[in-house]
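First chain written, first letter: the chains are A, B, C and D, and each begins at residue 1.
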Amino acid sequence: MAGAALPLGRRLAGWARLKSPWITVYNSGACNACDIEIIACLMPRFDIERFGILVKGSPRHADIMIVTGNVTLKQASRLRRVWEQMPEPKYVIALGACGAAGGVFHGLYHVADDVNRVIPVDVYVAGCPPRPDEIIDAVVRCLGLMKEDAAHGGKEWRQEKPVPAPETGPAAGRRAA
Amino acid sequence: MAEVVIPIGPQHPALKEPVNFRIIADGEKIVRLELDLSYNHRGIEKAAEQRNFIRVLPLLERVCGICSHSHATNFAKGVEEIMALEIPPRARYIRTIIAELERMHSHLLWLGVAAHEIGFNTLFMWTWRDREAVQDTLEEMSGNRVHYGMNEIGGVRRDLTPAQIQAALSRLPVLEERVRQYRQMVESEETLLMRFRGVGRLSKEEVLKYGAVGPTARASGVDYDVRKDDPYLAYAEVPFNVVTDTSGDVYGRTRVRVGELGESLKIVRYCLEHIPEGPIRADAPHTAPEGETLSRYEAPRGELAHFIRTNGTDKAERIDIRTPTLANWTSVAVCLVNQNLADIPVIVAAIDPCLSCTSRLTVVNRNDGTAGVITFDELRRRRDRQWDRQELR
Amino acid sequence: MTDSLFLLVYIFLFPGFAFLILYAWALSFLDRKIAARMQQRVGPPFYQPFADFIKMLAKEVINPRGVDWRLFDAIPLVALAAVMTAFLYIPVTGASPLAFPGDLVVVLYLLSLPAVALFLLGWLSRNIFAAIGGVRAVTMLFIYEVPFFLAALTPALMAGSWSISDIVLWQQKNLWFVFLQPIGFVVALVGLQAKLERTPFDIPEAETEVIAGPWTELTGRRLALMDLCVQVSLVAGSALIVALFLGGPALPWTLSPPWLNALAGFLLFLIKTLAIILILASIRVATGRIRIDQLNDIGWKYLAGAALVQVGIALVINYLWVTP
Amino acid sequence: MTTISTITERLQGFGTAEQVRSNRVRLKTTPDRVRDAITVSQVMLGCDRLVTISALDHGTTFELLYHLIGPHRIIISLSVSLQRDHPSSPTVSDLLPPAGIYERQIHDLFGIMFPGNPDLKKIILNEDWPADEYPLRKDWKPRPESFYGGIKTERL
């Protein structure tokens, strides 16, 4: 295990990261179902706080962003920007069939289908919508990724090619300026 | 005094779904409000014209995750009406049971979210705990927690076994007890009353003028309820009351919803006990004759209207969806004016906005507070980046 | 020599900074756990506040555009330092060695610094939500500070001293102030809840209204320090109330070896602060958030009124019973 | 007492009215008479509430349907046919405030003008959605060289 060679500070930080993943939810045009299932995770039955997971309103405080649903064209640039506001190290979970490929909305004129077109996705979750236990499982898998990344010293080892920023239109360009 | 423009959304903790308000506030008072709901526009209506009825049903179910059964049932009901197809009584009862369970889960969800909006997380947790019991029942009956997939043209896809009916009936007493508790809690909890009473008041005349629907309208004493007005499914045979309130504020809307929880429980119990035997689906043709219908349905949030025009093929010529939230936005813009900044989440939540429903199509609406007349100003270039924006003027 | 060594140990190890931070984490864990149990949830594991703190320290620090990053770095530190200093004057095992006549005023002043720090952070963030949250924080400060000060004033009036350690000594000789001044105790508890910005007074950081208020733009170590500051305030505030109203760590009789006396006092301190936390957590769980104008009403009409009545009663008791 | 037959009778003056369902009357009228028909429905027939405005594309014409309902729970559907080139119909948002919302969305998706509506700006679609493209028209296809919503995807 490469972790043993790391200095104590890094190991401590790695441990803390696994024990306190804070998530923020971004609805990029979903039908709500994924969102209510995420909220259902907070409930007494599932209670994700026992894993140290908190849902935070500000992306500045979050470690993991859960993107629910297909990305509508209007949300694409906003999603990218909110993602850029998150501090490193950050991870993205795309929820549901829509997050993976657009689901039933695949091919509609106002939908960009895959979340990965806009921001790099670390974990996909299947289901329409995924059950709360599957969402928790996805966060745990994401924690596994974090652990491996910490051992490799970064996320680059599992990325074949970096995800390019989406080509933005004239209006989006104006806004950014 | 300087007015501050506060952009809320598209991503904001008070909103579980994307929407953008620009609140123009003077101190903590709201002067004006501008709305943009287009973030969820996916183009479902266009897609619904290009897919056949069988494929449209799951698509419409995913218009909204909370009232999925409403959209699918309403569409199936409309197409069946055009086809002049009578669905078997058992199918009607099963649809009614699912519909009322959906109303219960939606109202419990709303109660929790409204409590969360005022920071009352304990009530939030408790209602959602009880919502799980409803979800379990739905899951047992349909196999899914959220998108039930129960409907097809001509009936339902799954039958209820006696064991399922027994299991559902055994869960009802606990829920009835809890609903009684919630009613007590809503009427006596001090901070809840402080935040809900007198907030976002709409008079009966305003409700009629601005066309609010559902619990928002019923809280002001307007007893529009499609289940009674134009009975569909099994509602003509089931005894139930339309719950109304006279206060017209958020507190009234809360009481109406809690009251409807009790009525829904009664309906579910009646339907489970009186469900007729027989087949669960009728043979439906693949194509519908030329025709049109305005299919209406009382969704948890209010009256849902589908205008369906068919042209003799297996696809619809046009499906126009008018969701309850869209009808309610006009009244929200009215009752937000002159309210406190801190009350925005409560008032907006009080209509139970379902934005993914609404913004298949998008609306910006703005209100001139003093005159009380809706005027549409120029839509300025939106500033969407909420995080580092502050505008004084 | 031994004296300065003792002081160093007192300030940095026990019951100073090291103990304070550990106890702050423990209390904030308990707070969350109690709330979770009341909401029928399991709640976080015991190391949660510590893990959160370490994780936030290790996160990237983002400087929002146009923000003075030096100030942004300094303010959380100042707020944390103020609260930690305040704790040093509060008796934990026995009278504080740093005590001086009038340290109550210093403690009260230092404890109100975090609210000012939050206001500055919100104002500097160049973010509309942070600015609104900051303004709300400072508005609230004006509302709850008066009743809180008045409530803290009454024990001092009766004990005839502005030193917290003296107040504790007075209670050791006579009677706990919670029995003499129940109204003041309640006002102080409510004031503390508002000071710590917990429900129903979490108006500046109301998630559904202003995202995270002044906290919105904080990242990495700034967030960690500010979070720690609030947790330490929780300890310092409840310790202050314990000292003022519940007799602090003082025992009614003196045990023979001094260390045993100190240990017993320390245990008493732990038990009493835990009781305060239990009350505060229950208030947090059982209420919703009120609006700032409603807080204004409550604060000035009822809290300040009750505190004034308490001061009056204290003066009468003083005249009839204490002075002669 | 307003019954379905009195409504049908009363509306005959504005075009051909017929009862299409037990609780629905359908009136075929023209754009210049639609405001009068709505006023009559509101004032004399008690239909003070707008359910929705539906728009349809028939290829050569557009059709607008105003669905009104009142305390008697009878729906009046006023159907208006519009020419495809320069489709326009006078606004009813001053008579029925909720109509403002529906008119705006129909304007965005079908390109139908509502003269008199004080603000018919682009609202449903993104700010950079190309002008003169109305996605719900039957003949609309996305053009690959256009930007839709600030993003260009290879599919479009």
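As a convention for this text, a residue touches a chain if its C-beta (ideal position, glycine included) is under 8 Å from a C-beta of that chain, and two chains touch if they have at least 3 such contacts.
Quick caveat, the model's predicted, so the values are computed rather than measured.
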item: Selected interface, A-B versus B-C, where C-beta contact pairs are more numerous; value: A-B
item: Identity of the chain that, by mean CA position, is farthest from chain B; value: C
item: Centroid spacing, where centroids are CA-atom means, of chain B and chain C in whole angstrom; value: 44
item: Centre-of-Cα separation between chain B and chain A, whole angstrom; value: 28
item: Inter-centroid spacing, chain D versus chain C (mean Cα positions, whole Å); value: 61
item: Between chain C and chain A, distance of the C-alpha-averaged centres to the nearest whole Å; value: 36
item: Sequence positions of chain A contacting 2 or more other chains; value: 43-44, 57, 60, 72, 74, 85, 107, 109-110, 175
item: Where chain C touches two or more other chains at once, by residue number; value: 39-41, 207, 211, 216-217
item: Chain D residues counted as touching two or more neighbouring chains; value: 125-127, 135
item: Chain A residues touching chain C - in the complex, by the definition given at the top; value: 12-13, 15-17, 19-20, 43-44, 47, 49-50, 52, 56-58, 60-61, 63, 85, 87-89
item: Chain B to chain C touching residues, read off their complex; value: 4-7, 12-14, 28, 115-123, 125-126, 129, 189-192, 194-195, 340-345, 386-391
item: Of chain A, residues touching chain B in the complex; value: 25-37, 39-40, 42-45, 57, 59-60, 70, 72, 74-75, 78, 81-82, 85, 103-105, 107-111, 128-129, 131, 174-175
item: Sites on chain C touched by chain B in the complex; value: 38-41, 64-66, 126-129, 131-132, 199-200, 202-203, 206-209, 211, 216-217, 285-294
item: Contact footprint of chain B on chain D as seen in their complex; value: 21, 23-24, 48-52, 54-57, 65, 67, 73, 75, 77, 93, 96-98, 100-102, 104-105, 108-109, 117-127, 135-136, 138
